[in-house]
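What follows is a set of structures to go through.
Two complexes, one shared chain (chain A), two partners (chain B, chain C).
Showing the complex of A and B:
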């Protein structure tokens, strides 16, 4: 504590002009469907991991957008990549890819040379899985 | 029908015969302002204004900090009104914006609850054997100066113009929250577009800066600053304002509230000490002036008689810009002409 006995409280205001957007730009490049997110929270409501831990997808990707990266890497470890969120998303955001790529970007993995599986391929796999589930 | 356009709204301000009430804190932090107001009104405008020595607090600070109950505040306010009635005046001019807000609030309460008015009359009689009349007109001194701004202009020796560039000085105006945010119709321009200080700046040659946090609170907020642990919230508000105004490079800040003047001035030192940051590109800090000091300065009054040496942020660079004559050797001389002790210079804030 300084000689005044108090310090200047940090504001809760988010100034988008001051946020370095390189991480978000990279994420949007890798997961273009993230642009469609309307923040409805369906992903969070359906999340298995969220039922047992404080894992909250909407909160995490909102914090990522705002450049508030502290503690995100640890929180993202709670995701089991089950993909239930993918099934409920009304906008078709590839949330599993979003989480994997947020993890990679925050871990400092060279995402320039690394390429994730193409989204359309994941969608095909998912469609196949859905067909299989229906048959069962 | 209520007027919808703020610029059409005109506040009723008395023309003459004012009863003046001094602020509790202004004479400590901006000691020349109230004397300058009285001098301007009496000598420059030839008005009649009563400065009663028996006046006292309005309880504003205690009231807004929840240590003085409303009934006590109303009775104390009633005693102030009784002083006015005793002197034969009907136009009340409280120096402090907080007092202005308290009086407006109390009168509003009395209008809506006549039983409170009767109770207050009874309390005052029981305590002091005094009676009072509700003022016909309550105006803040900034309203009065605003009203007579064009009358003062021809008497002014200086204009708000940078003599080196010939351009108008760029001024940030900050209006106390209790001036018009509690009762919008009591302020010139109401709450959203208060014009009281902007009108003075424009009339006297300056340019008003319209910056994003223009209407944000200075951070005075009684409950915040009174408790040391909470002062971080208080100063955070002031910092927010400075960050917002910094890119516009204001020449000075003009205020009409004792708390705002004090905080915007003193917190600049505190922020500089804590974060090594000044919001003036030359490291001096942005001078904070009261409207009386500004009027007095432009009328040619001695800056040291106006109390500029007691500001935290020193104003010499501003005097140089306007071309105001001042004697640096007189700066720390008392009324007797004897040199008083020079204050220690802060390392974090530049001074001439």
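Showing the complex of A and C:
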């Protein structure tokens, strides 16, 4: 197809008639404080990762809100969950929870029964401990 | 005691008339419409507390019942002139009225949405103004162009305000909060309908306005998009397609909606324009000019001619009533 040296461009337009709101509805259910967001960009301005990379958390969550999921999962990996954004947000949005839950939803994790990996490890340790106790 | 003519029987004219009459002044109030307060009675509920507009209209109308107030309804004042130290007014039927003092309360007129042709008002049935929406809310009949419940309603801010192309650089001040109020009313009546508000800035300057904005997000799920809709076009099924830039995303967007509500701004009314011009007290954009916005906001450059309410600039009803009281105090202290 590249014989002619050009290809058909994909439209860049956000088409609201094709956006499904299920992911956003889920996110708002898990992080109700996100309803308060006014898009001020305080989160991006304070972001440790954003100072050195093109990670822009305000743009990422706005894109999520607008149903533009392409590449978001990869971009969200830049966040170190330091929580500075959470301290500056004038509307009190729980941004750390927002980021974690965006990651979960984008990864297709069953958000109802999902538990963080760290807790899984603790579970395994506890299980091991229990095994030991039984043997004794 | 001196006599005063008040032009305009809206909240400003009536509130000032009531105070001046209570202090023994003989008041004549002139209104071009058949009934006073038509700009309040065509509203449903008032921001920020959802007070019933008719209750307020009723309270104000009661104040007109003073025996010292003479009402001249369906009387349009078309010219004013000096008469010694006083004033002479002429109405559209050629009748003259004289008084010692004159208070201009000629108010505003909503921006005519026909002037923004690209937004399709009166071209596509799904495009309405904020006044049409207010009536639909009042009558509990929010319907799309084919008489069905709308699935989506889009509000567009700054129609005829902050717009070089309309010749209005100023902000009309109350459309922001009005859109939020109307979106909440819409969601109260039709919870399943999506509501979007397109804005350039949201100017929630008054007490409880910001709280109302937050409430609309939190409890009613009203969605906000920063960007100005550039054009509207009709679809084959009677809906409206809009184009805008989502400036927070830096991407263009398109959306089909059942209703596009144009939040029209406030302009100087015809009466304000003509009479301010005739009296030589024209300010910007056809509004009347006070001497000083801080200390002498009810005085004009003409002695014995006072100003109150939206003949000076866009104001909320609360602002207007406060300004009318201030005008009455000024007049009493000088008369």
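Methods note: the second predicted complex is superposed on the first by the 101 of 136 C-alpha atoms of A that agree within 3 Å, B and C clash if a C-alpha of one lies under 4 Å from a C-alpha of the other, contacts with A are read in each partner's own complex, and residues count from 1 in each chain.
Here is the rule we use: a contact is a pair of C-beta atoms (placed from the backbone, for glycine too) under 8 Å apart; a residue touches a chain by one contact, two chains touch by 3 or more.
Fair warning: this is a prediction, and the values are worked out from it, not measured in the lab.
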- request: Pick one for A:35: touches chain B only (first), chain C only (second), both, or neither.
  value: second
Message: In the overlaid three-chain picture, which partner chain does A:6 touch, first (chain B) or second (chain C), both, or neither?
response: first
- prompt: After superposition on the shared chain, which partner residues are touched by A:130: those of chain B (first), chain C (second), both, or neither?
  reply: neither
Query: Between chain B (first) and chain C (second), which does A:53 come into contact with in this model arrangement: first, second, both, or neither?
result: neither
- prompt: chain A residues in contact: does chain B have more, or chain C?
  reply: C
Field: chain B versus chain C as contact partner of A:62, first or second or both or neither
entry: second
- request: Could you tell me if A:17 is touching chain B, chain C, both of them or neither one (first, second, both, neither)?
  value: second
Field: chain B and chain C footprints on chain A, overlapping residues
entry: 13
Query: Considering the complex alone, what residue numbers of chain B touch chain A?
result: 228-233, 235-236, 239-240, 270-271, 273-275
Query: Mind pulling up the chain A residues that touch chain B in the complex?
result: 2-11, 13
Field: Of all residues in chain C, those that touch chain A in their complex
entry: 202, 214, 217-218, 221, 224, 226, 246, 248-249, 251-256
- prompt: Mind pulling up the chain A residues that touch chain C in the complex?
  reply: 12-17, 32, 35-39, 58-59, 62-63, 66, 68, 91
